[in-house]
Structure formats: structure tokens, C-alpha cells
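One structure follows; several queries about it will come next.
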Amino acid sequence: MGIRVAVAGASGYAGGELLRLIAGHPEFDLVSATAHSQAGAPVSAVHPHLVGLDLTLGPTEAATLADADLVFLALPHGQSAALAAALPETVKVVDLGADHRLRDGAAWHRYYGGSHAGAWTYGLPELPGQRTAIAAANRVAATGCYAVSTILALAPLIAAGAVSTQDVVVVAASGTSGAGRAAKVNLLGSEVMGDLTPYKVGAHQHVPEIKQATGATSLSFTPVLAPMPRGILATVTALPLGAGASDPRSVLADAYADSPFVHVLPEGIFPHTAATYGSNSCHLQATVDVDSGRVIVVSAIDNLGKGAAGQAVQCANLMLGLPETTGVPVHGVAP
Amino acid sequence: MGIRVAVAGASGYAGGELLRLIAGHPEFDLVSATAHSQAGAPVSAVHPHLVGLDLTLGPTEAATLADADLVFLALPHGQSAALAAALPETVKVVDLGADHRLRDGAAWHRYYGGSHAGAWTYGLPELPGQRTAIAAANRVAATGCYAVSTILALAPLIAAGAVSTQDVVVVAASGTSGAGRAAKVNLLGSEVMGDLTPYKVGAHQHVPEIKQATGATSLSFTPVLAPMPRGILATVTALPLGAGASDPRSVLADAYADSPFVHVLPEGIFPHTAATYGSNSCHLQATVDVDSGRVIVVSAIDNLGKGAAGQAVQCANLMLGLPETTGVPVHGVAP
Amino acid sequence: MGIRVAVAGASGYAGGELLRLIAGHPEFDLVSATAHSQAGAPVSAVHPHLVGLDLTLGPTEAATLADADLVFLALPHGQSAALAAALPETVKVVDLGADHRLRDGAAWHRYYGGSHAGAWTYGLPELPGQRTAIAAANRVAATGCYAVSTILALAPLIAAGAVSTQDVVVVAASGTSGAGRAAKVNLLGSEVMGDLTPYKVGAHQHVPEIKQATGATSLSFTPVLAPMPRGILATVTALPLGAGASDPRSVLADAYADSPFVHVLPEGIFPHTAATYGSNSCHLQATVDVDSGRVIVVSAIDNLGKGAAGQAVQCANLMLGLPETTGVPVHGVAP
Amino acid sequence: MGIRVAVAGASGYAGGELLRLIAGHPEFDLVSATAHSQAGAPVSAVHPHLVGLDLTLGPTEAATLADADLVFLALPHGQSAALAAALPETVKVVDLGADHRLRDGAAWHRYYGGSHAGAWTYGLPELPGQRTAIAAANRVAATGCYAVSTILALAPLIAAGAVSTQDVVVVAASGTSGAGRAAKVNLLGSEVMGDLTPYKVGAHQHVPEIKQATGATSLSFTPVLAPMPRGILATVTALPLGAGASDPRSVLADAYADSPFVHVLPEGIFPHTAATYGSNSCHLQATVDVDSGRVIVVSAIDNLGKGAAGQAVQCANLMLGLPETTGVPVHGVAP
């Protein structure tokens, strides 16, 4: 008899990836999966790639979920807090939404609107001390997809004093699944294939999350929608500060020596998002710009893997006392 | 201590997928992997998605492979026979190439040229009696990618007398990985994105293989290159013959009731190749054309999964006495 | 002062392509463009590629259109008839919808439902005698996108007695713009990229149109959605009948010797849809299948070009006494 | 009798786009087109989208080109100088390569290697005074693709004193045609579809060209390869300096009020590369980052249009006394 897990918001892309990972997890039993408008449909009607996963989506209600040992919440921003509050304290919860990520209620209000539900333990195991904190928590707020790609690139460099906390510049492109599964004209295949377009320029809601987790004090973040289903490539540039700035790759390599999912690539080899497809891995490389002297770090993840479902299962493993890699793929599927 | 396996031709796309499946297989130990021009390179330099797989590619020689319990050959057509002949009889071999698929030497010569090396046990477990045959063999020739997509759609209907063996018409589109990893201008991303193009029209080498496996007596097969990395969608049409022609879906559902990787979808739901990405599954649906009366079966696979590496590991499992699903994914990765 | 033209249904993909062609047409003045839910928006807000085209979309009403010399209707199936009836007889009309294509009211009812509005002159100039008929008409029903790709491949072979009218088998894949611009989950970029999927299998509404235009008596047609914005690749196979069946390429080359938009490619060279992107051209090639003897013709068009807007402007040119190539591109945009 | 033009390097992607534009140009007669390994092939064999363009590629020699009034050179970097030197002074030349762009020989040597051939008039008409200079020149060096996307975004802001010349940070993603048409494994469709990857991080050869044209004094430039055939999206960020920094959009709108190909989009609307496909247009938008205060400008072009062939024909028009828009499309082809 395995650990009983449930998924709320199972009809979206992150929800589907959670179901896939849970189905392949050696210790997890999927006991329920819920959805909003798709409640009542078989999982395989909503996710044809999960053919053979014999389960019907239930309504997204606490009663449907309360029987599990651990619940994943993959809901639109702003919808996790109420549902989580209705679950028994004994049920462990990993929230893939933004509701509980920020400690600063004002920042929450500015970027998300509405009132802030309060912060949970931040679900990025690779931050110093965070594996222990997650293991001790029964409520964990997993990182945002853009945030994780940027934080993993930047946090060790700031922590080492290698780069300045000021004037960090990030441009990050994401595959379309990051924009969700709602029917919108601007997300139609006809519109996105062959197209790159920026959005939320000058004011993206992951900025306070990145600053909170890295210590950056000013940061511009420009997200771009890219013509591919999955993947984030973040280009993170920072002003050089201390000794580590001359060899930023070594700072990163040292920081992640014991992290099974973060791979600092061999010198001169830069990340491909395709190499992370379907995995929970983050690929990193760093260099120093010859003209400006800026430190440039490039980071690649699967936005549904390390950026959402993979990360969430990694956190759940830690909360449950399992090895963090249990049932979470390191290798991508390519080509 | 697991079963010792080796891969020849590990630098190509099928070879890379074999390495990925072997790395995740609970009973296999990868003891060597070989390549031609890439010999000497670390696996992760050639396959960045397999970061962390700590192995260097060796030269493609019998000596590098002979120490394994089972060897997968993922070589260009015509190169398997000599290498296989140089391996000890005690080493089990699964050949992903075409060298040993055909029983008819004349057909081999007509489509592939050169002299025929002789047929091995045909590696398509879902054909009647074939699981037993594969389990008893120590040399197995896995099916071709287009062939498997077509055979699974057609064989039960011909066997049931539901459709004619004559004038089968197949049009099948494949993702670009089916064309291999050699640097060719016509396979550049700039050329293939946004493009559909047929090739080898009127004379494809998988025709005799399909006829041999299904009993079809005349068959036209038109392959099309599609703008996606993986996947085959085969549209197979056949003339109605007997009673089963009025409900071809039931004929297929009966035939594959015990096959864990072949899924006849619910009525009215047609296959998507994307739902099979990264898996060893085949999705099938069938109907009767209202105008012509032809039986139409649509089949979707991952050409590197059920069309190559997944199929090969499935066969290897049978040859080694393992459950055929061991380490072989049923669920695709989507979106 | 040029010819005054208007477009109804200008917010969709075919409508946008009409606007682009009209803006570049040396004899046309665009006097109005209408839309349903987008009425009131500037054209460039709805079609960012038409930046600088200074026009606001009006409501789709006869009054907005009646002032033009020629009106293009690019409306959903079933919505053209009423609007056309409300336009003065003196206004020339090209309907890109299906309402007036079929002579057979029963076939209309079977595939489209509702009552049939009656047939107009069929807008495929390359059919024998049709240029003259179109030039004499003031109401023309342009061909459907799949229909034109198939008819151009098949009609001359049936007319020459080279192939049978019975048991024609067509499989045709289309880019996603063929499915329109409505917001639907199954058309999201995340769903369609990397995916091939068939739809309306066994009963597509273009079948009676193809039969009417070619004389085919039984025909199965399977459409497939392909991961690209534009383009149709049709594989048309027919049973050989007479002398022409041994050299189908010559039959086609003779038929289209004087057609500036239909190109029978050099022997052995097969069409690419990408080569037709943005053009009104159709590329054709034919061969005889070595195994079955079937004649195989492959046809490539841009579904928004020869399959919709290009064809419509070609017809309009003929109706207006202009050379048919005026303002209609022969060359595609590639890569 | 039109103006006689010729193209050297006609088999590549920029060369093909030049041929397409020349074929549609009302004043140009294409008298010869040359290629290296493809010499002797018909144009339509090398560029299937140019079917009907009846010309055979000649060898790339001065003798084949000297008879033209104007020659476009679309050759690999380092190959233009010798060929241009062998052409009569009376032949006007537009070089799409890098050989004659830089005034600083040391910068040339550092980024391109070899000896510097000297600077020609810089072919970016939208820079102040440059239309006049180009009109007076008979040798013009057209801008690089990444350079033009960045310079158009940045130059007016620096000229207006709105942003600092120091610490400009640019991240720009390009479609694969920017990487050329040579057969390389890393450019195969199987590799690039679904993938974003950076390259030449920290040291791109367009940096000195951008600095020369804009007055920037330090600039980091990170290029990314994106899964689409064409298009560049450049995100250009700069430190605010003077009054103009609070409304960077107005600075750009003023600068380009008379430039027919540069479109500063309505406030809040950001560029899509797909909207520029096949055109010579550049779409721009600017804002101020709420967190860092950086000015962010996003620029979209077609790398083969404004980034190569379109720009070159625009320059040629000016050199020949024609309106700069003659035969050069403003509207893109979409979707």
C-alpha cells in the first residue's frame, strides 16, 4: 500500500504532468484527481497521452481530496488558499500556484491583486537549507516556472558576492504550455508557430519572488513566448562584483555539486531547452561578456518539469522522507 | 547485478532513445555503447538530454560488445549483419535495422540492394504467436517504424477476413527523426518547419515487410515528412470484405485486448501522435468511409518508441524472460 | 481611381489574406472590411502583419458592402447566402464559403445541414471552360481548400480516361489556419505543435464538391491536422484505367500548360507545401506505385492562397476582365 | 528595359529572398545569379518556391556579374571584398556580408579574423543622414541582421540622450535561417524544433557594428536560436539617463515618423516576429521597467527581410534614385 496522493486542477498542463509523474512513481497511489469544467470526464479523455490511467476527474472540493496523505494543488493563481485552508492539517500540501510564495504581502497585492494568504515554506530544494525546511514542512509553495529558471542561475552568484544585487537583467523565453490550457486566440497554433512575442514587459509577477529568493535588489525581467510546447531559456546578466565574477561557472558548479537535478555543463557548452524536455533537470552555463564585463548565466528547464510538476514531486518526496529523486526523471526526452 | 546490455550505433536518434530507456530500466546495466565518427566522445556530449549518464562512446566493434548479455544494434541498413555474425552465439541480439526482417531475399535485394543476410525472428510481439517466438529466440529483427504503424492497423482486419488483401492504400507521415541524424540540407530546421513533403513515392522499402507481416497482396505506401521531431500517423485504408468490415474497431479491440501497448481508443476518438511521444504505445481508431465504403484505420506511434527503441526493449524483455512492460513507458509525454 | 472592393469576414485568416492581397493589388481599392465580434477595431489590431493599413472594421451588413464594385465573402459556412441575397445584383460577389458550391441540394444537406441556397458558377479557373464561365458570372463560389488541392490532382486524369472514377483514395494534411481562428483548446499551439491528428474521418464535407468537379463516383477522403500554420499536402491515389495511367505526369503537364498557377514539377521532384506559402500556386507530381499499380498524385498548395484568398482574387480578376495573375503571387515565401 | 541586377551567392537563404524580391520588383531585370557548389543548377531546383523563375545559376565570378547595373553580394563573411574589387567601379554594389561594415579595422580583426577590407557607406537608411549618403554611394554595406534589430531600437534613444551609452544589455532570438543553409547536425529540424539555445555567448561579432551605429560604449549581446524559420526578436535594455527615458516610445515614434518600414506600435502593443515575416518592416515598442527603471525596447524583424534582402533592396532603390519602398513589402505574410 503506497502513499495516497491527490491532484487538484488535474485538467491543465501542470496537472497532466503531475498525473504522469505520479503514475510512474514507485511509492505513490493516485487516489483522486479533480477539475473544474472537466469534472466527470475520464482522465484519458482530457489527457490522451495518459491512456490506460483509469480514473474519472472529480469536482475540485476539499471533500474529494481530504482522504489523501498528500495533495498537489495545480490551480489558477488565487484559488489555492481557500481550498488549502479547508484541508485537514494532517494532509500534506504542495501548492504549484503563487498564493503562498511571497512573504511580502504588499508585493503580492501589487502583482497579483487581492489579499495575501500568507507565505508557506518555499519549495526550491536547491536553495541553502531549504531541503531541511521542506522536509519539516507540511505546507510547501513550489516555485514559479520563470522564477526557478532565474533563481538557480543567480542565487549562488549573489550569495558568493560574485555579482551585484543591483541591476540584474533577465530575458526569458517560455514554451506555450506556460501560458496554460485556456482557449485563447493569441495562443492558437496558427498564431504561435513561427512567432516570438514578449508580454507583460516591464512588470512580471515573478520579479518579487526572484528578489526574495536571491537577494537581488533591482531586476528587470522580460518574458517572451516561444514557438514550442515546453521549455524555458533564461538569460540572466548581472554586474560583476567580487572575485567569483571572473569564474562564475565555478561558483555555480560548487553550489550544485550535491544537487542531482542541477547540471552545470562542461565549459563552453551552453544549455538547450530540448535537452530538459520531460525532466526535472536544470542545465546551466556561465561566462563573462567580453565587451561589457557582465556575468551572463544561461539556464534551461522544462517549465512543466523543474518549473512545475517535477519540482512539486521533488518537494513531496522530501516532505515524505523519500529520496528527492524518487520517480522524478533526470534525463530529458529528445529529440 | 543486472543484465548486461550494450548498444551499437548509440550516437543516432534510435541509439539515444535506447540509452534513455536502458538508463531507466530496473534490470539493465549499460556496459557499453558504440558509435562510428563519435567514438571517444562522452554520451552527454552527443546526447545533451542524457546529462549525468557517465559513459564514453567506444568504436563499433564486436570486441566492445561481446561481453554483454544482450546487444542492441541501431546501425544504418546493411551494417548489422556482419557485426552480428561476429558476436558469440550466446549473446542475445536485437537488431533495429532492416537486415534480418525479410524472409524473401529477392524483395530484400529489390528494395535495399546487396545480398540478403537471412531472416531472424520478427520482433513485433503483438502478432499472433510472436511473443512466444521472440521469447525463444536469441536473434530478433525489430520492425521498421512505418511498418509497425501500418501492421498493427491492418493485420487483425486481414486475419479476420474483414478486409481484402488487395489494394490496401496507406499514407503515413513521420516526424523528422525518422530520417536520421546525418547533416543534410533537406532536413535542416529552416527547410522542414512549416513544410510537408512526400518522398520515395511509389516505392518504399517497408512495403514487403508490411505484406509479409499482414498477408496483404498489393499495397501502395506513400510516406510524408512532417514538421515535428517524432511521431508517425498512418492512415490505412482497405476494401471491405467480410462481416467484420462493418465494425472494424471491434476487430481491433478484440485483437489487442491483452496487449499493454496497443490502445484502441473509445469510439469516435481519433489518435494524436503527440499522445504517444516518448512512449511505446500505439493508438488506433477505425471507421467505415460513408462514400466509398473503405475501412479506414488510423494509427499513431512514436517512431523512436514503438517504431524503434521502445519496441526493441519490449522484445529484449521477452527474450530475457521479463514482463514485456519492464522499463518501457506506456504513457506519452505531452504537451 | 481603382476598382472598389470590400471584404466581409475580414477578421479571420482567409479575410486577413484577402486584405493583404488587395492592399498589394495594383487595380483594387479597399473600400470596406467587416467583421462580427471585432467590428470597430482597426485592421492592424486584428492583423498585426497589416500594420499601416489604415482602416477600421465595420459590422457585417449589406449596407457596409453595397457600395463596392466587388465583394469577397469570407464567412463561416451557411452565412454567405443571406448576405449575398441582400446585395444589389450589380455588385459582383466572390464567396469563399461553401454555401453556393454544390449543385446537389441533397448532398449539401447531408454534409452541411440546413437548406441549400443554390449553386453559383464554380470558381476553379483551371477546370476546362471555367475561365470563360467565371468571366461571364457576377456571382462565383470559390472552391474549398481541400477540394482544390484534390481536384487539380485528379480532374485531368479522370477526364483523360487515365484513371477510374471509382475508389479514389485521398489523404490530405492541412496547416492549422484551415481550422479557423476561433479560440478552441484543440487548436492551441501547445496541442498542435509536434502533433498530427486526423479528424472528420470517413465523412468530410468536401467529398461531394470533389466528386462534382472531377466526375469521381466513389472517394474516401481523410483529412489530417498538421503542425504548421499553412499548407495542404494531398496524396491522391486512383486505380489505373487507360493509356494515360502509365504516364500520369504527362497528362497533368498537358492539362496545365497554360495555367500560370499550376506547376507540374520536373520528373522525380515532389512538392513541398512550404514552397507554396503565401502564393496562389499549386505544385503537382505524379507517379505509378510499383507494388499496387495505383496512380499517385501529390499536390501542394497554401490553403489560404490557392485554397482561399489567392483563388478568390484570381476569380475576381477574371470577373473584372483583368489578367488572372494581377496582384496574385506565383512565388512562395521560403524558408 | 529595366535596371539590370545580379545576385552573387544566390543559393543561400538571403540569396533566395533577394531573387524573390527582384522577381517582383517593377524596375529590376534579373540578369544573372551565381552560386558556388550549386552552379549549373536551375534556380527552381535550389529554391522550389521560385518555380517558374527561368534561370540557371552561374559560377561566382566577376565576369558573370560585371554586366549588371547593380550587384547584390550575399556571400559568406570574408568573401565579398575580393569579388567586389574585381567589379568595375561603375557597377553599383550592395554587400549583404560583413566585410565592409566596420570602420575600425582592429574590431574587424578581433571578431572576424583576417585583414580588414575597409568600410563602405553603411546601409541602414533610417539612421540620420544615411538616406542621403546611400543615395550618393556606389558601394554600400548593408547591416547585419541582429545589428539592425538592435540599432533601430537603441540609436534614437542614445541620440536623444534618453539612455546611457554604457551597460546596454541585449538578448535577441533568431529563426534558424539566420544560421545559414549549410548542412550541420545542430541545425537539423529534429534538433531545433522544440528547442531554444544560446550561442556565441559573451562575444558576438555584431557588437562592434551596433556600437559604431548607436554610440553605445559598452554592450552585452546574447543571441539565441529559436524554433522557427525566420524572425528576430531583440530585447534591448538601457539605463535611463535624460528626460526622454520616461517616455521612450515617443522618442522612437518621433525618430521614425518618416520611415515607411519602421513601425512604433500603439502603446501597450508589443511586437510579434510573425507579423514581419516576408516583409521589410521593423516593429518596435518601448516601456520602462517598474522594478529597475531600465528602458526596455522590443524590436521584431524578419532576419531575411529588414535583416538582409529587404534592407539590401531598400538601399539599392536609394542608390538608383527610386522610392525606397519600390518592390519591398511593408506587410508581412501571416499566419
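Some observations on this one:
In this document, chain identifiers A, B, C and D correspond to the written order of the chains, with residue numbering beginning at 1 in each.
Throughout what follows, a contact is a pair of C-beta atoms (placed from the backbone, for glycine too) under 8 Å apart; a residue touches a chain by one contact, two chains touch by 3 or more.
Note that the coordinates shown come from a computational prediction; the quantities given were computed from them, not determined experimentally.
Interface comparison, A-D versus A-B: the higher number of contacting C-beta pairs is recorded for A-D. Rounded to whole angstrom, the centroid-to-centroid distance between chain B and chain D, based on C-alpha atoms, equals 45 Å.
With centres taken as mean Cα positions, chain B sits 35 Å from chain A. Listed for chain D are residues 13, 175, 177, 190-191, 193-194, 227-230, 272, 274, 277, 335, each touching two or more other chains. Because contacts link each chain to all the remaining chains, their graph is best described as complete.
Interface of chain B with chain D (complex): residues 13, 175-177, 179, 181-185, 187-194, 227-229.
Looking at the complex, you find that chain A touches chain D at residues 167-169, 171, 173, 175, 190-191, 193-199, 201-203, 207, 211, 218-222, 224, 226-231, 233, 235, 237, 239, 270-274, 277, 285, 287-294, 296, 298, 300, 335.
Interface residues of chain B facing chain A in the complex, by the touch rule stated above, are 13, 16, 20, 23-24, 45, 47-53, 177, 193-194, 229-230, 260, 263, 265-266, 269, 271-272, 274-279, 281, 283, 329-335.
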